[in-house]
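For reference, chains read A, B, C, D, E and F in written order, and residue numbers begin at 1 within each chain.
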Amino acid sequence: MPLTRFAELSAPAVAALPPDTVALLPVGSLEQHGPHLPVATDHLIAVAVAERAARLATAVDAGAGAGAGACDVTLLPPLTYTKSNEHAWSPGTLWLSATTLLAVLDDLGRSLAASGIRRLALLNAHGGNTALLGVALRELRVHHGLLTFLLPVSLPAPKDSGELGTGIHAGLTETSAMLHLHPELVDMSLARRHVPEHLAAYEHVGFGRPVAFGWTSDDLSPTGVVGDPTGATADLGRVLVADAAARTAAALRECARFRFDTHERPTGRG
Amino acid sequence: MPLTRFAELSAPAVAALPPDTVALLPVGSLEQHGPHLPVATDHLIAVAVAERAARLATAVDAGAGAGAGACDVTLLPPLTYTKSNEHAWSPGTLWLSATTLLAVLDDLGRSLAASGIRRLALLNAHGGNTALLGVALRELRVHHGLLTFLLPVSLPAPKDSGELGTGIHAGLTETSAMLHLHPELVDMSLARRHVPEHLAAYEHVGFGRPVAFGWTSDDLSPTGVVGDPTGATADLGRVLVADAAARTAAALRECARFRFDTHERPTGRG
Amino acid sequence: MPLTRFAELSAPAVAALPPDTVALLPVGSLEQHGPHLPVATDHLIAVAVAERAARLATAVDAGAGAGAGACDVTLLPPLTYTKSNEHAWSPGTLWLSATTLLAVLDDLGRSLAASGIRRLALLNAHGGNTALLGVALRELRVHHGLLTFLLPVSLPAPKDSGELGTGIHAGLTETSAMLHLHPELVDMSLARRHVPEHLAAYEHVGFGRPVAFGWTSDDLSPTGVVGDPTGATADLGRVLVADAAARTAAALRECARFRFDTHERPTGRG
Amino acid sequence: MPLTRFAELSAPAVAALPPDTVALLPVGSLEQHGPHLPVATDHLIAVAVAERAARLATAVDAGAGAGAGACDVTLLPPLTYTKSNEHAWSPGTLWLSATTLLAVLDDLGRSLAASGIRRLALLNAHGGNTALLGVALRELRVHHGLLTFLLPVSLPAPKDSGELGTGIHAGLTETSAMLHLHPELVDMSLARRHVPEHLAAYEHVGFGRPVAFGWTSDDLSPTGVVGDPTGATADLGRVLVADAAARTAAALRECARFRFDTHERPTGRG
Amino acid sequence: MPLTRFAELSAPAVAALPPDTVALLPVGSLEQHGPHLPVATDHLIAVAVAERAARLATAVDAGAGAGAGACDVTLLPPLTYTKSNEHAWSPGTLWLSATTLLAVLDDLGRSLAASGIRRLALLNAHGGNTALLGVALRELRVHHGLLTFLLPVSLPAPKDSGELGTGIHAGLTETSAMLHLHPELVDMSLARRHVPEHLAAYEHVGFGRPVAFGWTSDDLSPTGVVGDPTGATADLGRVLVADAAARTAAALRECARFRFDTHERPTGRG
Amino acid sequence: MPLTRFAELSAPAVAALPPDTVALLPVGSLEQHGPHLPVATDHLIAVAVAERAARLATAVDAGAGAGAGACDVTLLPPLTYTKSNEHAWSPGTLWLSATTLLAVLDDLGRSLAASGIRRLALLNAHGGNTALLGVALRELRVHHGLLTFLLPVSLPAPKDSGELGTGIHAGLTETSAMLHLHPELVDMSLARRHVPEHLAAYEHVGFGRPVAFGWTSDDLSPTGVVGDPTGATADLGRVLVADAAARTAAALRECARFRFDTHERPTGRG
């Protein structure tokens, strides 16, 4: 029974989880995703990829080698309310401040460590959380001794998407994923392209460039969409989600066997 | 379409919610519930009662009077991680500190008000949250202008339950509710009675008595169970959940039409 | 010498207090109480009831049984500035925020535990503090190992008071108590009735009803009075205060002998 | 009626206080004062000096000149629990952390300003509060626009006291003041001298020297006493308290008429 | 005078800075850098690159095009104490917690905006700060309206460095940079290689791989060195620093002309 | 090698510092200093005095006695950004809030103690920091066990300066010190006198008087200058800086040998 759902376990069952079990926390958001997508888009994608990846990671592969073998995963209830202040201007965005979310993560880390969990993997589908989760990785390691990992849900856009590398929110790939996962929640009749083309003129500053910059979505778009959802298809979504799940599953197996070297720890005062 | 799920709405759909819509936030917990129940027991009960109550509250009743008519409810994603430090001694308990949870609620209140929500109903199935949610009621009203309500999920024990009024955790009623809602998550073979009978000797201090007291569940029980789950049945659970849902639905309708009197506001300096 | 005043003790005398001594902290408020009562009304009532109750609880009763015997009480200086943001609109209201007051209580709990105090009883005369003190009960138990109790100063209105169960602030009973305790501070010529009668139309939401709600006093009243002080008398006040003191004294004796059962503490990891 | 007690005023009476009224907040402490003095020593001295000074400051002097005339003072309830972590090692010391006390003062400042108070005088009898109250002076001016003043209760030791300038705690002057104010709370049979004579060897570092230093009272004394109470007399106490009250009264009158110059305020951007 | 040093300006001169001036904040650290490098290594590199880049960015280029022209830069005093808790085990590491550093950055952002600064570039030479500075980018934009940029000081290792992509701390490039900038502070006789070679066995988790992980330097090394400083040379350092300065200068010019598109801002409620 | 620069030491060299080494932290500010001085005036003075004093304190004196002998000093990088909200109205003032700066100091104290440092001397040149540093003295002693000292950089004005004792900011002495230290940063053509002469009329309230008061610099001056810089000379500056350095050096030697008496520590519970 290598795949468990933490919420469904009894307390003694939690205590009895194998020591290298990876606790997997899906992290999405509730925030505006333009007029054509639900506010829970990132949340729903995170949950879907987590489910699929956890099943893959824990399945016994026929003929798989030792290192690639199935691992133990316990799926935590998702963190639904996270950090989305770049969309705070819009109705539908429910968000926690940086200090609140950091406190939530620290409290969870303390509780998980007290529950005997050693490995925590954060599976994040919302770019606005990335930096703060990056901070938490170290804090949870230092404060609570956890081995911590940050796995991005990446849905890479095809090269010819016409989004100029700025399809970061409610664009082609997120819309496609939602057409695959929850078509009833997508209204393609409202999907409109908004690509901040002027950003392409910069060489150093920009998404995927060396210099990160502070922005809110109303800096970039009159509608909240940053990208081009008009060409989205369920087929593309299927491929993107499957690929993300497969990469995540492989990463989870590595998280389960990741170890630091066994050198002697340095001491402080000489 | 009076019942909506907030997470599934687009941002413009959130903005278009009727002004008296009640945003309903289910609040449970993840905490030890003895060896026979899952840690998400309160969470699952909160979500189930919220679902049922929201459907009832928003359904048009044949022949219902004006005041009792259907109201608009938007169901928020549940608050999964809450305050359970009375069970912090046990694996499986994942909890937020008082200040963290207060910050989470304040952040949500601010976001909901910015989304145009005016009425927020907290439906709470975990006693350990009650006092803190009571604090939040006023803070959210003062800070963000929301009309706020705290609805308890009450599952009253039958008079002859043998729990002496102390069946507060993983006892007869919670176990019955879970046998009704999620029988596959209950292991009755592990259900054991633990009633802190000595508490019955007190007249002033105790559950339901005038003097509240500070406790942790290991103060009260060697197993984490405070009550007697051994007589639990799915039938009792069905009745309890249905009654809780009906009471909650009626309360939600009142929350939707609740108004303060229209007196002139007093002014500060004379 | 079972009744001591903490402030008047020397440090060694504090250290020498009997181990089951109850430290009694009167908690009132400084907040508007309409035009006819002083802002310290709750403070003065809390202090008066605490004084009387402490004397009663520590007095040796002729012929009293073992369980009902006198206990040791040390009376702490009252907490004068507390949480009254429901009256923040009015001059005369001096209040601490929720997080400040929680920090104050935590600091006091830490200091008392470091002083060898094991039992702390909060005697609260201000409804606006109740939820937050309820949170503190558990925090002080968990953080500092104290046995904690919350005793309300209840001044129940006669059935026929005409206040419809909403006489919660500066109404019949508080005004009567002040006429008894501090008649020179009451100006009955300014006493006016304001009962939020429309609240009586609700079935679920309201004072003493299952659904609590967030309010400020200017939501409820154009004057800050919520109730009917016009019929107040010193005689009623005398009875109310005496009854409150007697109930508090009996409760204090129970607080002094309250014990958790001596089961084996559960352990975390199995 | 220039002297009022804030706690005894009704809300409209607070609103009607003259605009230059000085709100006077006595600030003491609850902390070990050796075996011969009560823990409330600083509190009792602060309250006593505040009472006397407020009466003097508000009394109409026969033949007094304009500038020295009586002023309006409203006496606030004392701040009982303050910052005493230099005595945290001892039972009987009840203290707030620096951040808690700063938050308390900020909350009070906000409330007082909202009540129409313009002038706040802190009368402090506990050296351990001085630096933090000094911080608060500016914060309350900047945050809430108050005119703020910090008045020390100084009880200067006679030159020949034999305390070598280190009689800072429970020594000659505090003990004398208590023999005058509350002789029933002093046990001179337990009074013992402890003067940290080695401190006299330093030229730069020390009490009253240019270089302040961090200390706790157990750094300085095996008993908690820092000074020599053995020669204390009620007569000396009477003189010290009368002098402190007179100086404080004169200072209060100045606080009531203190004004900043009426130059044009500088603007930010040129 | 396009290059100014903020600290050396008078207040009116700050107010008179051109509106597109980039305020450049060098961010390093004080933390153990093995036995052969000073604790200020990151600080010294950040300051050196900032100096050189600021001079280059503000210099008028002969024959340069419009877009590439010199910009205005004001050099802020460096942020010396930052976040290094991955090295907290070692003497010499002086660090701020995540919440403290976030508060420092927020305070600076508020002050800079109040000084009329519109553009803030953080030049960071310490990897342990990157995630937190990434959080700050958005917070400063949202809270204070600043245009914010995060420029990494990157010193890329040659392909054949033998560090297997893990030369992240006190290795070849940092040591070379210090041999160039401050040779008197480097003791090559103590330089020893420590490469955590086992990390190379992972495919998903690791430096520069998709899955980030939480670590402290004593997880990775018995000496605090993570990389191979033994082959470091001043010549390599000269090239690395010059390249970093040139890239930073070009980026600064872009920061000075970076603009968001001029679309109509979306509004909240529909 | 008794004088070291902390930033230039390797981690093992920090660990090997002699146990009585005084860590010297220069504390200045970045804040408006009128139109004629740079915003870093206090910072530059603090750094200059610290440098000179550290050299003097660590120099071996010919024929000096035992007690007055050279001590070990390690010079910390200065704290550049501190608390200047009295100048927040002006461009050029970059400041931390009280709680932020207290957190910074606490973090530094913890790190220094973990590095084996026992003695910390704060050399402060900005009056706006004094009270908060006074608070920190005790907090760092209690939290981290450090011996802490606060050394003021005092530049006393000549008796006949015409500043009436209010030359507290950008006046005669600070301007003279800057003319000596950094004449290229002073523009005497913009130096104007502003002395708040009305303050001289008060007897109790004022700079150097018993009653401290809350103020901002725009309360006192239309230009930000409080004093009279017009007569400043480099010669006076030379004398003031040399005197300050000499006094600081002598104080540092005392800080290095300061010890608490070796009495038995008192215990808590009797």
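Throughout what follows, a residue touches a chain if its C-beta (ideal position, glycine included) is under 8 Å from a C-beta of that chain, and two chains touch if they have at least 3 such contacts.
Quantities reported herein were computed from a predicted structural model and do not represent experimental measurements.
Student: Over half of interface residue numbers shared between subunit A and subunit B means same, under half means different, so which is it?
Tutor: Same: most residue numbers at the subunit A-subunit B interface appear in both copies.
Student: Most remote chain relative to subunit E, going by C-alpha centroids?
Tutor: C
Student: In terms of residue-numbered contact pairs, which of B-C, E-F or D-F coincides with A-B for over half of them?
Tutor: Match found for A-B within B-C, E-F or D-F: E-F.
Student: Most remote chain relative to subunit D, going by C-alpha centroids?
Tutor: A
Student: Could you put a whole-Å number on the gap between the CA centroids of subunit C and subunit D?
Tutor: Chain centroid spacing, subunit C to subunit D, equals 29 Å.
Student: Where the CA atoms of subunit A average out and where those of subunit D average out, how many Å apart are those spots?
Tutor: 56
Student: If a residue has to touch 2 or more other chains to count, which residues of subunit A qualify?
Tutor: 12, 15, 88, 90-91, 99, 114, 116, 224, 268-270
Student: Which residues of subunit B touch subunit A in their complex?
Tutor: Residues 6-15, 30, 32-40, 43-44, 76-81, 88, 90-97, 99-100, 103-104, 107-108, 111-112, 114-116, 185, 187, 190, 224.
Student: If we count contacts the way the header does, which residues on subunit E are in touch with subunit A in the complex?
Tutor: Residue positions touching the partner: 85-86, 88-91, 98-99, 102, 128, 130-132, 134-135, 137-142, 146-152, 154, 196, 198, 202-205, 210-216, 218-224, 247, 250-251, 254-255, 258-261, 263-266, 268-270.
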